[in-house]
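The following pair of complexes shares a single chain, subunit A, combined with subunit B in the former and subunit C in the latter.
What follows is the complex of A and B.
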């Protein structure tokens, strides 16, 4: 198949159907819970009912005597194996099973292995745990108080200066003095408190594993919901003490990840120990409540932002302070030198002279995690901050938010652009994206309609109010380079191995792992694009550490920027190897050969002798010859195979402009998202259909977070959002028919000109929705989620702060 | 108990508390029906019972005694895929594939009852199902696509 996208002509690229779909529409996907190994046992986790309590005793006698129970594991069992604690991704440790205290409701206390999943649950009720309840720290703003209970007494006062026991880190970026100078000369300063509440990625498939330890070979096979199989293998090795080469991680089909399946969870490790103890495979799959209560949450950033402008509305500087609630263990899954992730890109899409930000991380009695839910390592929080601040500035200075943005956007001639906080944006044309979005939305007509509706409402007291919100976002995705970015010391680079078989079909092995993004299709398209082979002639292997090269996996929109580049480079190497073989076949110098990628037939591309019409050899012919008896010159290996490790020189910086139109019923506070226009630029699009699908999903995330999603706690630290009846997700009724458009500004440093896109819409859409709702009700600020109750309260002049009303 | 699943009768002794979703998945090894939330909210477990979509995570297996259950595995017939399956593939109506079986069973029922649904009717029909990947637009498009294809197949004008 052929396609022309973003200036890249030739075979491979284009909106081709996905190779994965045939099994999924038949119900023949293979997810973790679909796996049933012979003799397999089932695990279940006993969890803490308290947010903070000392464990006095754990009595497992009755559970162990249950006829179907094969093993009961407690913190003590693990301590005997030196496995009661595990390292986190952020220089901390986390309990696998609690030994001393429980530190959040839902924390893992014991693990039962039984013959079926119902019996395992039954036995949990037979375990007697005596707790001594302690006062919890629920409100992050109280966590550093002198009299706050210390959550991490295991760290023995090593948590922060001045005995601030719940302190995790202080981090700052930007130039404080230069920012102060800009604020001093500003004609106008707007300030705003903004809470990005705790939310949860909630993939439809929960986390789970089937651990299978072979006592004879000493080999451990772990089937698991793992977005980063190779990083997980190293972790299992370190924690369980099993040599890394004896561990095989297999990630089967994954039912959505969104960051939730990056982390290492106690259930996985307990299943491993269960399998070691019983000699049988052990399955553990969490239920929805367990998923929402205990696995990686997202956000929980309490921000104070200030924005300074001159008299002409020129934005001069932004200043931010943040309190970050990290829960009971600092387990954020992000590059380890970035304690606040990539929040430093908070200057957004604007030409801002100076910026400064200070982030303080604290412990609370809540689940750990912190970076998840398609956030590009906290770019979501950064974009929400700046796009909300710009709207507040527009309101405070009586300017139109679209005009204010247009006047301050970076122009294309400024790229590559070094931001005030030190990030080098690779490429962009922001004004074009915003112009396109405003034209698609027909912005002037919308403003006129809004005015009429408001007038009618004020005249009659009936009807709805229209709001128009926008955001222009800049994303930062595709981590490394590895000298700057690592996870537990593992540099963020990814491998790819490509082999062309004798008959001219190919297999590509990758270190990344799809959770629904369609890697089997997109990566086959990359090879097709490079070698001219049909997409169907390229098999993509991923998610099996015994059969794929090492790499850091799929999160932070890394797959196309890093693994996509690796695939492209590996294919280029194979092509150059094929050139050498072709030179021998055609008895010419390799430099005299010209590559023609062809049209995607089974022959693949071909090498032709320059200036000699009719003399050429196809990739398929070369592949057979390369495996045959041909005498190859020194330094040219036989066969057609290449591998590479791609270490990205920089992040890629996709961007976009979104316009959201809402109708709000002032009587009920109900919000109807009537339209959503999204113009995305992620550089060259390999499969535009898949790219658009990614954007659709992210836009729904934005509607969800802006209007309904919230992980809430009561004063005792009880989790109030532990089911889909309480943790609300958008359905088809809350989502409009998204209106999409694309601009294409290739990345100058990616071999295909592509940038990541998986999280763009999740990052960019929440401020557009919030700005629209607040525009409709003419309120300066109210925090997410803007549920009907929140909107109604905001209309009465009493907006709810989610961190105050519901800690 | 006895239950007919996809035309095959199964007689089983089951615990009264066994959920239909676990009977299908663990005992009958029909793993196309997925277990997503336990509370009837997500719809990944949707199957038909006597021709009506039900959420099998909140149906006891014994409630299916003497009844007929249809799962996603039964959509493909001897002459190939059901149109709704083809349309989901053609319109990119799925990504991770976890919600897809439930979506397909609900959509099939909608089209059987209402061969020419509006977009709003489609959105209402699938409003008891959650998809975290697609933002629903392509699912709506897939159902419309199937409706049009089936109308053409019937020779409707």
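What follows is the complex of A and C.
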């Protein structure tokens, strides 16, 4: 790994080892499936074998007579409690257990609670369900056909105009007329159809819960894989009718989320009902196939993009239309005023005069979801679109893709920049990032080598072809300003509470929840940075709604931009309170005190009297005094504690420039990712090692999506990717030694200048890999995933359609 | 939730014990060795055996050695052992080529050679390797021991010549001094099953004339994992690019791949030819024609 890291000046910041790793490397993490409560029962879900079928009858008699079965829950059971349907994050409803129809393969039909998990699974086979199969809608492009079967007949004709039964929404952004003007005056227009296929977040820990309802107190405790514990508490309250203050959500260690654990799943709710019915705790943990078949997928965007340029290669405008496959229920988790997420940032990193986009969402007989898998609310799709279109434009006009990009990038003097679709980019230096990446890759030498290799191949018919691909991406993360952004009416602001104990150690309580991101370390570093305490002296509490303030959770790279800012503000408040206490201790005016953050010792920072050497008091001394008998002035509370709710003024806009080098074997279609240079700018880096770890993971994600990851279906709606034998995740064997570098352009509005980085590499890397492969084989466009078969077929001029079964 | 259905379990103490248990329980009993195919199928309840006969204590069934002009590979030999075996690599580099691309180290540490061929997965790498090598399988049952040539071993997907009360105990590969061998595979990702794969064993005489050749194909629909037509074309020809291309074309024409998420038929058919050529080229390069 090469490169520089920056922005980590001052105590607290820097590449310190992660506090949580001590337990993880010893196998002592505590995940949902590690929880065993006294008398705990086990749940299992019966799922639909059909993509679309009417339920004629459900007979549970035999299952109920199994000696170890304690309860069998069906849609009818839930309907009696008014719980057969639940609200989704996107103004729709979704079935908890099917009552009328099943609408995708793997949909939940019944739930068995038994004394052990073997008996629960055995009893599933004893439930007899009679189905009347219906024609499924599998191809999103056929969903609005007049003769397409109507999936959501429960909505009773409310789904769309003109009788379009499977219509979910139309949404547009940008200025259509102004875009038309630019296209009319363009010297060149390139158009391209692109599919960002359905993929899955596939966290290694699947979703699960232990629900524990106390019949005496009426209190419900839910241990669950929840990226957003506080939002879940409200949902449980609304759906199950239990008062919110009687519900406690505890998210223990979480083994990866990537957006998959934001949503509310039927299994969670059935475990709650099972616990209410039996009076015992009920554990339900899904298996790999259940996770891949039924939980939140990502992407599934069918895009048509057009890009207009003048004769000098200046990009004038972009026009896009999208068909978005939302599955059987519109359950995408995104700010509710943004039905296509933040796809509106599709103008990318370029200075583009006009842009317009229209998105149509449709229902199909597939699992619900849509926004998940580290995508920053569909920024992934937006970046893929623009970075592919720019490459297509370069090819069509005979320009070098690096030069074309450099000529059109926004320059640093344009920030803050308002894009043609209305987004205000906070800060950036895109040319520097691209220049750095090209220099690290030695771009001219790569182009020369590519030429040589192609000549050799054409001469001998043997060897490999080299391709060089790049992307310059702009992210939009840290949702968000609550006047614009909410989920189910909950504004996306985050609380934080900080308390310094009498002995000078501290506890920070967060609303967000780590799934592997290292919050226990990064957030302790933020407090250390503000108060001068050692990182180890700061305990970070997260994931327990009884012990943390309210907030919207961890996804969309929002933890550092929102909760990180909240932690910083809370610590500043504590510091200012400490100043007041110090003023009393030193018998001087608070304004005469100067803060010195110190060197991270147990004493913490100190306040010294300006102009009087040697008179100072440490934070540790202040903490003790603040808890003691000191007579404090009016308006200054005793103890040392502060809380805040941080409402971000804007999103943050991390960015980066990536260069990927691949070698393709034209005889087999195999792709070898030889090099990957990633220059990331996420503003100030609190823990550069953690940042780089996030980037490593995201780059691997990108290789995976570009080359192998895919959820495919056959004509009957059968899920063809329901195991890790079929849904391929990349391994170390497919990943090169990442070559990383950083530039640091602080966010002007974040208290620490940080921007969030959890999804940058996942967003930025797929187009770099795809551009590299297509550059190698000299093909204008082929859709992901570029498996060997697909690369070979693209070379034959007959690309494969990725979203349906290969024939 | 993936948990197996109820089953009984016995840990065998001898091959005779295995055969006795298999006889008593009939076709509902299954042998478990490495378990890397059987256990996942049981968890998915695609397999629901009544009895598992665990053979992992039968150390006499593992090991790689040369005896009487044959390379003998015990059925319980782990993939990792075969990969680490110097004697196997010395005589048949194809074995190491193949083992290197079978699954991943974790699977190779536990999975067994005998288990792999008895599973008879249409995409099993070793099946194509052992047919190319004209290996002989040694099977033991109630009536004693018998041998089955690997080219008659496979009876279709997941079906072999091993009867319900029999156990595969050993694979015997006749040594072929001077022969060269190689295995090439295309997969979508390290550890994935083959999209297609080809193995070749080539013996050369003076003038680099092919005196004998074995070509194994995996994952392209050949029930016996063998490209017989390509072998027949090549035998007696000079081992050059034209001959390899003709053999590749024959392999491509005679295979019967089916489309799946690993690729369409035309691509797999192309790979059968391309990989046959590559395997032959590499095998011939490793062969000695006896003149130098």
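One rule holds for everything that comes next: the second predicted complex is superposed on the first by the 794 of 807 C-alpha atoms of A that agree within 3 Å, B and C clash if a C-alpha of one lies under 4 Å from a C-alpha of the other, contacts with A are read in each partner's own complex, and residues count from 1 in each chain.
In this section, a contact is a pair of C-beta atoms (placed from the backbone, for glycine too) under 8 Å apart; a residue touches a chain by one contact, two chains touch by 3 or more.
Since this is a predicted model, take the numbers as computed values, not measurements.
A.B. asks: Regarding the shared-chain residue A:117, is it in contact with subunit B (first), subunit C (second), both, or neither?
C.D. replies: Touch status of A:117: both partners.
A.B. asks: Is A:372 touching the first partner subunit B, the second partner subunit C, both, or neither of them?
C.D. replies: A:372 contacts neither subunit B nor subunit C.
A.B. asks: Would you sort A:289 into first (subunit B), second (subunit C), both or neither based on which partner it touches?
C.D. replies: The answer is both, since A:289 touches subunit B and subunit C.
A.B. asks: Contact-wise, after the overlay, does A:204 reach subunit B, subunit C, both or neither (first, second, both, neither)?
C.D. replies: Touch partner of A:204: subunit B, not subunit C.
A.B. asks: With both complexes overlaid on chain A, does A:250 touch subunit B (first), subunit C (second), both or neither?
C.D. replies: Neither partner.
A.B. asks: What is the contact status of A:720 with respect to subunit B (first) and subunit C (second): first, second, both, or neither?
C.D. replies: second
A.B. asks: Just subunit B (first), just subunit C (second), both, or neither: which does A:669 touch?
C.D. replies: Only subunit C is touched by A:669; subunit B is not.
A.B. asks: With both complexes superposed on chain A, which partner does A:712 reach: first (subunit B), second (subunit C), both or neither?
C.D. replies: In the superposition, A:712 contacts subunit C only.
A.B. asks: One more residue to check, A:731. First (subunit B), second (subunit C), both or neither?
C.D. replies: The answer is both, since A:731 touches subunit B and subunit C.
A.B. asks: From the superposed pair, tell me which subunit A residues show up as contacts to subunit B and also as contacts to subunit C.
C.D. replies: Looking at subunit A, the two contact sets intersect at 117-118, 287-289, 725, 731, 733.
A.B. asks: Spell out the part of subunit C that touches subunit A in their complex, as residue ranges.
C.D. replies: Residues of subunit C touching subunit A: 1-3, 5-6, 44, 104, 186, 188-193, 195, 259-264, 266-268, 270-271, 274-275, 278.
A.B. asks: Can you tell me which positions in subunit B touch subunit A when the two form their complex?
C.D. replies: 15, 17-18, 22, 25-26, 29-39, 41-42, 44, 71-73, 75-76, 81, 85-86, 88-90, 92, 94-101, 104, 119, 122-124, 126-140
A.B. asks: Could you pull out which subunit A residues touch subunit B in their complex?
C.D. replies: Residues 17-18, 20-31, 33-34, 36, 116-118, 202-206, 253-256, 258, 287-289, 515-518, 689-690, 692-701, 723-725, 729, 731-733, 735, 737-738 of subunit A touch subunit B in their complex.
A.B. asks: Once bound in the complex, which stretches of subunit A touch subunit C?
C.D. replies: 42, 44-45, 117-118, 120-122, 285-290, 667-670, 707-708, 710, 712, 720-721, 725-726, 728, 730-731, 733-734, 787-789, 792-793, 800, 805-807
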